[in-house]
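Going in written order, the chains are labelled A, B, C and D, and every chain counts its residues from 1.
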Amino acid sequence: MEYFLNQLINGLCQGAIYALMAIGYSVVVGVVGMVTFTHGEVMIMGAFASYYVFQYCGTNLILGFIVAFLASWVMGIFVYKVCYERFFNSPRHISLLCTIGFSMLVKNLAQIFFGPNQIPMLNIVDIKFFHIGAMQISSLQIMIIALVVGLALALNYVFYHTKFGVMLRSVSQDKTAAYMVGINVKRIAMLGNCVGCGLGGIAGLLICIYYQVVQATMGGALGMKAFSASVLGGLTDVRFSALGGLCIGIVENLGITVTSASYRDVFAFGFLILVLVFKPTGFVKKRGTKV
Amino acid sequence: MKKLSMLLIVLLVFSMALFANGNKEEEAAKAEGFKGIIKIGVLGPLTGTNAEYGVGFKIGTQMAADRINAAGGANGYKLVLIPKDSKGDPKESSDLTRQFCDDSDIMAIIGDFTSGCCMANAPIVDDAKIVQLSPTASNPKYAGMSDYCFSIMGRQDGEAPFFAKYIISKYMGLKKIAMIYINSDWGVSAAENFRTAARDAGVEIVAEVNYVQDEKDFSSLITKLKAADPEALIIMDQGAVAQVINQVRAMGWDIPLTTLGPGTSEQLIGLTGANSEGLILSTPFFFDPQVPELMDWKNEFNEKAKFNPTVHPACAFDCVYLISEAIKSCGDDVTREGIRENLARNQYTGITGPIKFNAEGDITRAYLICQVENGQYVVKKGFDYSAE
Amino acid sequence: MNMLADTKKRAEMVFDKHKVLISLLLLAFLVLLPLISNKSYVMGVMCRILMYATLAGALNIINGYSGQTCLGVAGFFCFGAYTEAILATKVGLNFWLCIPLAGVITALVGLLVAWPTLKMSGIYLAIVTLGFSEIARLLALNATPLTGGALGIKNIPVPEFFGIVIKNSRSYYYLFLVLAIVFIFVSNRVIKSKIGRAWMSIREDELASKSLGVNASVYKAFNFMYGAFWIGVVGCVYAPYVRFIDSTYFTLDEGWNILSMVILGGQGTFIGPVIGSIIVNFLTEVLRPIGQWRLVAFALLIIIMMWYRPQGLAGATDSKLAGNKMVKKLQDRGKKHD
Amino acid sequence: MIETLKQPVLSTDHICMYFGGLHAVEDVSLNIQKGDIYGIIGPNGAGKTTLFNACTGFNVPTKGKVFLCGEDITNLKPEQIAKKGMARTFQNIKLFKYMSVLDNIKIGFHLNLKSNLVDTVLHTKQFKADETYAIEKGREILDLVGLSKYTDTKAGNLPYGVQRKVEIARALAINPKILLLDEPAAGMNPNETQELSVYILKINSLGYTVGVIEHDMKFVMNTCNRIIVLNFGQQICEGTPHVIKTNQNVREAYFGKGIVAGGAINVAAEN
């Protein structure tokens, strides 16, 4: 029993990270209105940035998160300029393929400049353990879950209680209409994209702290997880995407407990496909913006 | 229809580019006073996840070639190495192997790194009757695939039993262990052999889990293993060992760790820091600080590569010497078949120890027990297993 | 400007006149190539070009002609190859029987994948196919009793053709050549028929084609199956060609690789994927020395292509694939007329 | 004989279409007889297009039934309904822009072509017959409606008015029992509208039954022989142009009578 609870905690932690990735992802898709394949790479760039900060300015977690956020923000600008700006009126698949190209570009450049090998990220946080009966949870896991929840709430506030949030939502719902009422759609879209990427960067850093390693080739798989998580959440809905992330994380880990880790992605994507079969738009009732 | 002709033109250009070749090296070598040149193809993942090892191959082999040529070459012939990047991708590897096979100047192929690539190349080298001598392929099925396939890493079914019998049961004196291994051709066969050996040695495997390449999160696996409460954990992998170790410690599980695969890799210690303290592992070969020429070799390598060598480049180094020995004993008419025959027949002692191929083209190695003590690999000779 | 257009038209007319001649020339060149040089390396590369040309072509049927986004080509490839390998090694079935079997099985898998997402927007199909591709690979890696697991399947028997053993890459070159020609011939006929028109109408405007009685979901599903069929067939020929397959052959990168051929070469035409395959494989050979930078170059090429020629080098200019520039041009023309 | 005359081509039976709280179409019953040119008019937001969508299967009606020649087609999919013989055009032209006019028509013939995959690959008689049929009939229709000079131009390059005509011609290709036109004259200048009116009358004279949504009163009055007026989803009048002209409710609906208009504005504000 405790064993399963322990596994549940692992799943929860994993899921929390997926959730954070998914939140960023769904902000991007929601506001820009186009699907991206670059999210994984963007996240890893954030992680690398803060890795180098840790190298030269000592391990200061807060600083690390800020740097990761900003680095990915900048990446977001590039992504926007390259993959979105000129494709708002084009068929969707074009910008999609463009993002695929961009992610290939970033991934390989990263391999060239940072090397293909794993780079250790040790002792960023000193880990303590708390025992509740036979089940244990580490301070790192608590930190991750807390941070994710906090960010999710903050984002929710920004989205639904600030002027900026209203602009973001208006753009995500109807670009033309937003334009009519005098919102600078392209600028807002870019900002939204950057916010999403920034959150991705934080997620990236968290992942690397959790796995204690950063590697240029990590991005692809993570990006796909983020993608599937936010698809589960209906692609554009922040809260449901977070839920999707959690679900995938838990399903994965519980699946692994009964079989083997070789089936991890089988569980993740199998679950996704199953949900899509029965609820074609994921957890949400109806899709927000048409993507 | 413009497109059709466009296609035609592209094709023509393309084929022209393919057929164009020619070389001046022969004359250059003659001028230097060699009888001629003998080319050896070197395959390795110079890029990609295993790049570290591929680069190791390149440098190790080049060091060997330089030494041989400095000493008057292999039987008067200058050895020229042609390193190519297989990226650890079987398709890529096969193409490059074909390329080597076509080039009649190339007398032998050293490589590839992974067993998968080597096995993909086996039919090709078998057709071309050219030696494929892999420094590192340890899949038991590999060498048997063709008369022209050789490996000097020592097979899984050599190392794993040693590990079970001597390290686990004798040296550590344990009865219950847990096993985590990578689900790749290497890992699976390693685990397989370990299981059988463990059964013979009376060691019980209370839990075993596996994972695929590029796995990053081991927490649930570790929880699983922890639940079985073993006396020690054995990790079978090259790439992810460091992560497993770190995550085991990150989950506050202080269990004796042993690993089968990475050998005495400096990178491993770099990646794990204090976490790998006390890690026990087996290695066919160890850069023993007591042996000066080994240290020289290590330093020379480090100058060229800017990182410390594992066992793999050392094996690659030996491969070149093996080939050159084979060439020597070929006498004057050096042929691919000739090299194969002599390679199979010869006996040679390289820096990684004595090498004598069995009928299949594999060798059985003697292994050392190492342990990590304050960030250094230390050879433990707890008892003399070789006597048994 | 107008002059230029005229010369272009005239040139095309000339080419049209010599259409047959050119294609014959091309065919002769391809058939005689092995006699010019039978180096197994050259042959190997040619095999790869032809194989990928067919794969990309099949993918183009899905992505290019019916405008669906399939990213899981590696998965179907995997299914085809493993079907052949298993049937040939475990059951001892004749290679030539395996071909249709592998095709049909892959097609059915394709249906299975496409079905859940037919009613949804393309992006869902994209993620589902992507997931499927990974699932297929992992199943191949883990279903040890059937697929040999991580150790893969080795010594796949080589096919025989009336006593001629198809062993070296030269004979495979002819095999792949025939396959490619058959594929293009058949698909060309399909595209130039009711079915092909229906596919393209769906690509251009699904609502309109529905209002004309085109059963969009059925045709999309069929389109998916058709593409999957050919991918499976190629996989079936590929397995004995490499003699040894394991799951590492069918990673997502393989999928991206094939996709990039379609993108660069051009979608919505038959010549496009062929050119794409030639370019990518040619660059692969030529750019070997620069190692990793090669992939950077590919990535840049893809982006540039999306920026300036979304339909690809030889893609269908007069289609939705060509993106908004074409639309704008048309609208302007329309305005002028008003 | 009498019955067949009596039986309407398209009829809706107390059809309702609700979107959440919004009653877009409320209890509308209309009968379009063979040979009619049936106008559906009403101010913006009166639910005309929604009614069309409900008839053609693009939306499933909340309540009520739709009959095509006495056959219940209420819950069928658009393509099935098209198969039953109902063609429609769209408010914003939905041509296959990049295809030639003839190809557009060809796709219209989709339902009439019988050849299957085998025929296609082997180029059997069936296939050849189909192709020739498609091309000849296509040209025939284009001649009929006087568009033959555009046969090989790309649909997207045509002027707006002509695109309309092509779209209608394409709808004719499925050889429909009834043809529904959604605001064909939208965005046209008076001359084009005039031409269109002639065009539709011509099609009608070829024996096609036509249902048309339109704002342009003049156009409707000159073209249609029966008219239904919708307002806020409810049908307020049905009959010949003359009846409509003289109907009090219609005047109110269009030119407003204090309360009605006021109420209207309120409702509009709510939705």
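The rule is short, and it goes like this: a residue touches a chain if its C-beta (ideal position, glycine included) is under 8 Å from a C-beta of that chain, and two chains touch if they have at least 3 such contacts.
All values derive from a computational prediction rather than experimental measurement.
Separation of subunit B from subunit D in touch steps, taking the shortest path, is 2.
At the far end from subunit B, in terms of centres built from Cα atoms, lies D. By number of C-beta pairs in contact, B-C leads when A-B and B-C are compared.
Rounded to whole angstrom, the centroid-to-centroid distance between subunit B and subunit C, based on C-alpha atoms, equals 36 Å. Mean C-alpha position of subunit C lies 41 Å from that of subunit D. Annotation: 47 Å between the Cα-based centres of subunit A and subunit D.
Within subunit A, contacts with two or more other chains are made by residues 111, 260, 262.
Annotation for subunit D: no residues touch two or more other chains.
The set of subunit B residues touching two or more other chains comprises 47, 183, 212. Pairs of chains meeting the touch criterion are A-B, A-C, B-C, C-D. Contact residues of subunit A toward subunit B in the complex are 3, 6-7, 10-11, 13-14, 111, 115-118, 120, 122-123, 127, 129, 136, 138, 140, 207, 210-213, 217-218, 221, 253, 256-257, 260-262, 264. In the complex of the two chains, the subunit B residues touching subunit C come out as 1-8, 10-12, 14-15, 17-19, 46-47, 84-85, 89-91, 94-95, 98-99, 101-102, 116, 119-120, 122-124, 127-128, 139, 141, 145, 183-185, 187-189, 212.
Touching subunit C in their complex are the following residues of subunit A: 35, 82, 86-87, 89-98, 100-102, 104-105, 108-109, 111-112, 220, 224, 227-228, 231, 235, 260, 262-263, 265-266, 268-270, 272-273, 276-277, 280-281, 290-291.
Interface of subunit B with subunit A (complex): residues 47-49, 51-52, 183, 209-212, 214-221, 223-224, 227, 239, 242-243, 246-247, 250-252, 267, 270-273, 275. Within the complex, the subunit C residues that touch subunit D are 186, 189-190, 193-195, 197-198, 200-201, 204-205, 207-216, 318-320, 322, 326-327, 330, 333-334, 337-338.
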